[in-house]
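In the two assemblies presented below, chain A is common to both, partnered first by chain B and then by chain C.
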Partner chain A sequence: MPSWIGQAFRRGILTSRFPRAPASREEVPETSRPPVLPPGLERIAVLGRAADDCPTGAITADGLYHGRCIRCARCTRQGFTFGGRALANASRPEDLYSPGGGPLPERLGPAPLAGLGRSLQLFLVDAGSCLACNREVLALANPYYDAARLGITFVNSPHHADVLVVVGIPTRPILEPLRRAYEALPGPKAVLAIGACALEGGLFRGNPGTQAPLYETLPVDLFVPGCPPSPLDILAGVLTLAGRMKCLPGVPA
Partner chain B sequence: MTGERSLSYLPQDRSFALFTDHLARQSVRGSVAELTGQDLRVARNWRSSVTEPWVLELGEEVEGYGTFRFPYGPFSMGVPEAGTFEIVTYGERILEVLPGFGQKPRGILGSLPGLPLEDAALRVERLAGPYSASHASAFLFATEAAAGTPLPSLEAHVRAVAQELQRVYNHLHVLARLAEAASQNVGQAQTHALAEDLLRLASRHFGHRWLFGALLPRGPSRHLEPSDRSGLARSLSGLGARFEALWELFQGSRTFVDRLQGTGRVTRSQAVMWGAVGPVLRASGVPWDDRLRDPSPPYRDLFLPLAHQSEGDALARTLVRVEEVRSSLLLLEQLLDRWPGGGTIDPAPAVAPGRGLARCEAPSGDLVWDVRVRDGKVLEAGFRSPSQANWPLFALACRQSVFTDFHFTLESFGLSFAETDG
Partner chain C sequence: MIDPSALLLDASLATLFAAVPASWGGRRLAYAFSFAGSALLFAAATAALVLGPFTALSYGGPFGETETLGLDALSAFFALSASVVWIGASAFSLSYDERPGPGLAQAFALTLGSIAVLFAAGNFLLFLAAWEGMTLASFWMILEATGRRGPVLSAGLVFLAFGEGSTLLVALAVAGFHAATGTFAMVSVLAVPVSTGIFLCALVGFGLKMGVAPFHMSEWLPIAHSSAPSNASAVLSATLTLAGVYGLFRVISLLPAGPDWWGGVVLAIGAISALLGALFASVSEHVKGLPAYSTIENNGLILVAVGVALVARSQGLGTLYAFALFAAFFQALAHAVAKGTLFLFTGYVERATGTFDLNEVRGRARGRSPGAALGGIVSGLSFAAAAPLAGFVGEWMILEALFQSYRFEGPAFEFLGLLAGAAVALSLGLALVAMVKLVGFSLLWNPQDSPAGRRQSGPGPPLAALSGAILALGVGAPWVLTFIAPAIRGLSHQALSAPVGQLLDMPARWSILSGSPFGILSPPAVPIGIALGSLVALGYFFLGGRTASRRVPIWVSGRAPSPVGETYTSFGFSTGIRIMLGSLLGTRELRRRSGGITAVAIEGPEVYNVELEVLDAFKVLYDDLVRGGLALSAALKRFLMPGRPGRYLAYVLITVLAVLIYLTAAG
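Let's turn to the complex of A and B:
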C-alpha cells in the first residue's frame, strides 16, 4: 500500500547543506556565477572586443559591471570564463563594478536586520519579471533548499514581512503599488533586489513603459546579480541581510 | 490596493478577450498559411486598438443586488506575478472575473525592430522565462523561414529536446501548485523536488537552468555528447519512475481529486468558439496538438501519443498534463536515441530579406511568432502566446464558481501575465 510518508522516506534527505558547508557545483551552476577575466590575457584587447559584443553594456573598455550582466555567455568566446564568486554582498550599485574585469573584492554586506534573530519573513513582489526570478525565489521553499529550516518563510501580506524581495524591471504601472508595499512593511525592514532586471533593468533598460533602475524608487539594501540568480545565491542574500552569513558564499568545491 | 486604477482598465480587458478570441479561432481552425501577419499585428497593437467603439459595445455589465467588485493583486503570494483580477461577486459566488493586463509593460516587442537576430532572441527568451525554449524555438524557426535558410536537422533536434524538457518542468510545476492549493503538502514538496531535478538536468546539459541562450549560436556550451545523452536518458527514466509513484498517490488522494473534479469547467463548444489552445483545448474533447501536425523533423518521425479528455474541468486538464509528462518523457527517449549525425550546431544568421511564420506547441499551448527580417536584423515582429488565447477561457471558466475554486481554475490553466505584457 503506497503512502505519502513512505514516498517521502524513499526519496531521503535532499536538502542542501548550505550555509553550513559550501554549495556544490550542482546547486550553484556555472552560468549563475559571474564571468571573470582570467589573469594573463591581454586585458585591453579582450575588454575592447568583449565590450563590442556585450548586449547589455555590462562590459566596457575599462571593466565589468556585474549589475548589468545577464550571463549570456558571449564574452566567454573572447576569453572571459564563468565561475567567479557568487556575490550577495553589494549594497550599492558601484560595489558591483570591477575595474579590469577581474574578481570583485570580498567583503561582507550590510546586515540591517541583524536584530531579528532566527526568524525572517519574505514578501515577494513582481515588478515586471519574466517569471524565472519568481520561481527561483519560490524554489527556496522546495525540499532541495528548504529555507524554512533556517526560519525563513514566505508571507502573504507586506504587513507581516521583514524583507521585500523585488524581482523584475520596475514598470510604470507598478511603481505606486511598489511604494505602497514598501510602506506597509513594519520596521526594521529591508529591500532585496533579485536579478539583473531589478538591478539595472538588464536587457530592457530604457524601454518605454519601464522605469529602471529600482534603486531610484526604493532604498535597496542588497543586490543579488544574476539572470536569474540560483536559489542559493538568493538564500545567501537573505542570510546576509539578517547578519547570519559569517563568511561569503563559497565558490563550489 | 489598486481599486481605482484597475477599474479604468476594465474596457481594455474585455476588448483583449475579444481580440484573442478572434485570433485564436483562426489559429485553431486555419492552417499556418491562413493565419495572416495582419492579425498578429492586431494582437500586438491591442492596447491602441481598444479605442475602437465596436469592441466596447460587445461587452456586457454584470449587475445585481449586493454585487460588488473585489480587486485582487497586483501583489499577492497566491498568484506570484504582477497582474490584477477584478472579481465581481455578491459574497461567495464569482459572477465574473476580469483579469487586468498591462501591469508589466516591458516594451519587449517594441524594442525588437532594428536589432540583430541574436540580440532580439535574447529578449524573446526573457518574455516568459519558464517557456523560453518554446519562444526561442518559434522565433528562430520564424527567422529561418524568413531567410529561407535550410535548418540543420541537429539544431531542430536540440530545440525539440529543450522544449520537451521545459514541457515536463512546467507540467510538474502546475501539478505542484494544484497540490499546494489542495493542501497536499507532501505531494507539493515532492513534485517541486521533481521539477528542481529537471532544472538541474537542463543546467547540466544546456548550461542554463532556464535554457536562456542555450538555443542560440553563441550561448553557454551544451553537453550533448553520446555519454551525456545516455546520462540524460538514464536520469529521465529515473525521474519518470518517481513521477509515476507520485501520481499514483495523487490519484489515491480523495482530497486532491474531489477538489479538482468539476472545478472550472470549459465545455467543448466554449473551447472551440473562444479558441482555446493547449491542454485546455485537449481537456475539453478536442484532440489537437501542433506537434502532431508538424510536417518537419524531428516530430514527424517520432511516436507521440495524443492526450485528451472530454470533461473540460480542472481534473481533466490535470490528467492531460500528466499524460503529456509521460508522452514528453517518451519523446525525449526517442529524441536521445535517434540522434542525427553531422550538421552544424551553429545555424547561419539569416541575411536574405523575407518574412516567416512559425508555430510551436508550448507547454500551455499553441505559440505563433511572425517575423520580418532584413540584413540579419528584425524589421518587424509579432507573436500570439498561448496565455493570450486562454485568458478569456479562464474568465469564462470562473463564472458561477466560488472563491475557493479560483486558484484551482487558475493553476490548472497554467497561464502567465508575462506572455501577454510583452
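Let's turn to the complex of A and C:
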C-alpha cells in the first residue's frame, strides 16, 4: 500500500471547516490582520506620528484607510498593534475607512450573484501584482482550503466564469484586456478586487505606467483588503458575492 | 416453377456485372446499372428474409463440388445492409464521377458485383474467389484516385498487402473447414481443436478487412492517404468492412460453441479498436480520414458485441447471447448505412470546397445543397449516438450487453467486460467530439471571410434519402429487429424471438428489452418525447418567455481579435484531446516558421507556429517491420545470391540430391 494512503488515514481530514466554523487564529495569523490603534492611547498624537511613517498613506491624521494598508508594520513603532478583526470586505473603498484607527464596523458586502446557487466559477486576472496575491487566491484550490467543496472552481476562459477576480495594480497595457475580459463574462457577473494593489494601488499608487484605482476601469463589486489577504478572506469575499455569508465570521481581535 | 426470389437474385447479379460493359456506353449508364442491380439485390434480400432462404443457381464446380448461389437469412441480412448503401452510392455517383475515363465506374461495378457474389456464395470455394475478386476490384478503385503514382500507389499497395494477407488467412480457415468436413460446402464443424484454428484464422482474416486493431492501417491509410474517390470510400468503408463482419458471422455460425476465451479475445480486440478508432478520429484533420477512423471504431463496437455473444454462448447465457447478437447485427446495419452516407457527404464537401483539410473547409460546404447537408448532419449525429437515430439504438444495445457482463463466470471475464464497457463508453464520447468536428467545421460554422463553395444539386436527393433511412432505422428499431430475427435465429441454432416487447401501457413492439431485469428502450417513444419537449420550449418562447443573448468578441487571451478575423480552427477544437491523451497519441510538439497546419501562434520574442503531431504507434511498428523485412531480404539476397555461378550450381546439385533422397526414402 502506498504510504500516502496510510498517512491520509492517520492524519484524518485537514481541510478547513470555514465557513461552517469560524476561521481560527492560525488560519488568519496576526500579521495578515489589519492594524488597530488600541484604546487608551493619545490618538491624535499617535495618528500624527504614524501618518508620517506610513509608506502608503493608509494612516492619515484622523483615521485609517484599511484598503491602502500593506501590513508593513511600521506603525507598530507608534503603538499600533496587529490583530484587528479580519475577514472584512466592502463594496466601496470608503467603507474600509475607520475614523480614529479603531476596528472596522461589521458590514457585509452586496450579493449580486445570489441567484447562482452553489456553483461559482472564477476567472483570475493578474493586472500587475507582486504574485503574492495570486498565490493566496490560487491557494483556494489546494486541499486545505479546497474551494471546490463549496462549488467554487477556477476556469480558463472568461466565457465560462461568473466572477472576475483581479489582483495587482492595473498597469496600462492590461487595461484593455481587463475590459475585454469583463465584456466576455456572461451575466450575471461580478468583479472581485483582491489586495491593496487592486483596491487603490497599495504601495505602487501613482507609479508611472500604472493606472490605479481599478474601480475607475471596472465596476468593482467587492474589495478584499490585505497585502496579501489570507485565502479565507478571499473565500469569504467570494461567498459574500454569492450571498452565502450570513455574517462575517471575523477572527476575534 | 421458378422461384421469384431466385429470379431477383439472378437479375441483380447479372445487372451488377453488366455495369462493367455498360460503362463504355457512358459512366452514367454504368452507375444506373449498379443502381438497378443494388435495388434488385435489396428486393432479393428482403424476399429471403420474409419468405425464407432460397437457392438461385447451382452448377458443378471444380473438385466435384456443387457450387450454389443463393441467400439464406444470414447472408440476406448483410446483402440487405450493403444494398442500401450501394443504392445511395450509385445514385450519388451519377453526379459525382466526373473523371475522363470509365475506370472508376468499372472498378465500382466490379467491387459491388464481387461483394454481392460473396454474400450469395453457398460454397466456400466461390466465397474465396469472390473475396479475392473484391480485394482486387477495390484495389483498382483506390488506384482511381487522382493519378496512380506516389502516395496513391503506396497507399493502394498497403491496402493490397493487407487484403492479400486477409485472403491467405481466410483461405487457411477454409482449408480448415475442408479438413474437418471433407467438403467445401458450408456445413458445421463439430470438433473443437480444429475449430479453434479455424476461428483464429477467420478472426484475423476477417478482422483485417474490418480494419480493427492492430490492422487498422488497412482501413484509414488507403482512404485518407490516397484520398480515394468518395463513392469508392463509401463502398470500402461501409460495405467492404461489412463483408468482413459477414464472413466472421458465417464462420461462427458453422463452428461449435468454443471455449470462452474466444469471446474474450474478440471482446478485447473490439474494445481496443473502438477506443483507438475514436481517439484518432477525434484528432484527425482529414475530411475522409476522420470517417475512416470512425469505421475502425464502429467495427470495434461490432466486435465487442460479438465478443459478448461468444462468451455468453460458451457459458450458456442464452438471453444475453441473443441480445448481443442482435446488438452486433443492428450496429453493423446502422454503421453501414450511416457510414455510406457520411462518406458520400465527404464527397460533397470535397466537391464544394476542393480540399480535404478540415481547417481549410471552414464551413464552405454550407448552403450548397440542403439535401447533402442533411445527410452529413444526420449521419454525423447517428455516429454521435444521438437519439433517435440508428447509431443511438445500436450503441445503446452494445452498452446494455456490456452492462450484463456481470453475468459472466469467472472474475477475468467480468473484469474484461468492465474494461470493455469503460473503453466503449469513452470511445462513444470521443466519437461525439469527432462528429461535431467533422460536421461542424464543414457545415455549421462559417466565418465571415471564407469564400462560398461550389453549388451542387446532384448529391442532394440520395443523401436526403439515406438520412431518411437512418432515421427510420432508429425510430423503427423494434420492427427492424423483428425483421432481421431470422438471420440471428440461424446463428443460435434454437428458436428465439427479437428482444422487443411491451412496456407499461405501450403497444407491443414499441420497446427493446435487453433481458430481465435490465434496460428498456423505446425508440418510437423517443421522437415523441423530443417533439413534446420542443413543443413545451416553443410554447414558453411564444408565450413571452424571456430569452437574452449578447454577442461578444472571441476571447484570445485578452489580445485584440486580429483584424483579419480570428478563426477557431478544427485543429484547435481537438487540441485539448491531443494534449490530455498525449501519452496514448504520442503527441509531439513541432515548432515551425511556416507550413503544416498553423495551429497555435504564440506571441513572444518570436512568433512561431506550433504543430502538435500525433503518432499511430501501430504505424510506427509496421514501418519498422517493413524496414526490418527489407533489410533482412537484402541481407539474404547478398548471402544467397552473390552472383557467383559456382554457388548457383551448388544449389542445383543440392536440390537434385534432396529430391533423390526423398524419392528413395518414399519409394
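Couple of notes before you dig in:
By definition in this document, the second predicted complex is superposed on the first by the 239 of 253 C-alpha atoms of A that agree within 3 Å, B and C clash if a C-alpha of one lies under 4 Å from a C-alpha of the other, contacts with A are read in each partner's own complex, and residues count from 1 in each chain.
The definition used in the following text is that a contact is a pair of C-beta atoms (placed from the backbone, for glycine too) under 8 Å apart; a residue touches a chain by one contact, two chains touch by 3 or more.
Since the model is a prediction, treat every value here as computed from it, not as a measurement.
With both structures placed on the common chain, the touch criterion links A:A193 to neither chain B nor chain C.
Shared-chain residue A:R172: touches chain B; no touch with chain C. Looking at the shared chain after the overlay, A:E183 reaches chain C, while chain B stays out of its contact range. When the two structures are aligned on the shared chain, A:L104 is found in touch with neither chain B nor chain C.
Chain A has more of its residues touched by B than by the other of chain B and chain C.
In the superposed pair of complexes, A:A139 makes contact with chain B only, with no contact to chain C. Looking at the shared chain after the overlay, A:P158 reaches both chain B and chain C. In the superposition on chain A, contact of A:A212 is made with neither chain B nor chain C. In the superposed model, A:V238 makes contact with neither chain B nor chain C.
The contact surfaces that chain B and chain C form on chain A in the two complexes overlap at residues 125, 158, 174, 176-177, 180-181.
By the touch criterion stated above, chain C contacts chain A in their complex at residues 550, 552-553, 555, 557-560.
Those residues of chain B lying in contact with chain A across their complex are 1-2, 5, 74-78, 80-82, 102-108, 110-111, 119, 122-123, 126-130, 132, 173, 186-187, 189-190, 192-193, 195-196, 200, 203-204, 207-210, 212-213, 218-221, 242, 245-246, 248-249, 252, 416, 418, 421. Residues of chain A touching chain B in their complex: 2-5, 7-8, 10-11, 14, 26, 29-32, 55, 70-74, 76-77, 82, 123-136, 138-139, 141-144, 154-156, 158, 168-169, 171-174, 176-177, 180-181, 202-204, 207-210, 227-228, 230. If you check the complex, the residues on chain A that touch chain C are 125, 157-159, 174, 176-178, 180-181, 183-184, 186-187.
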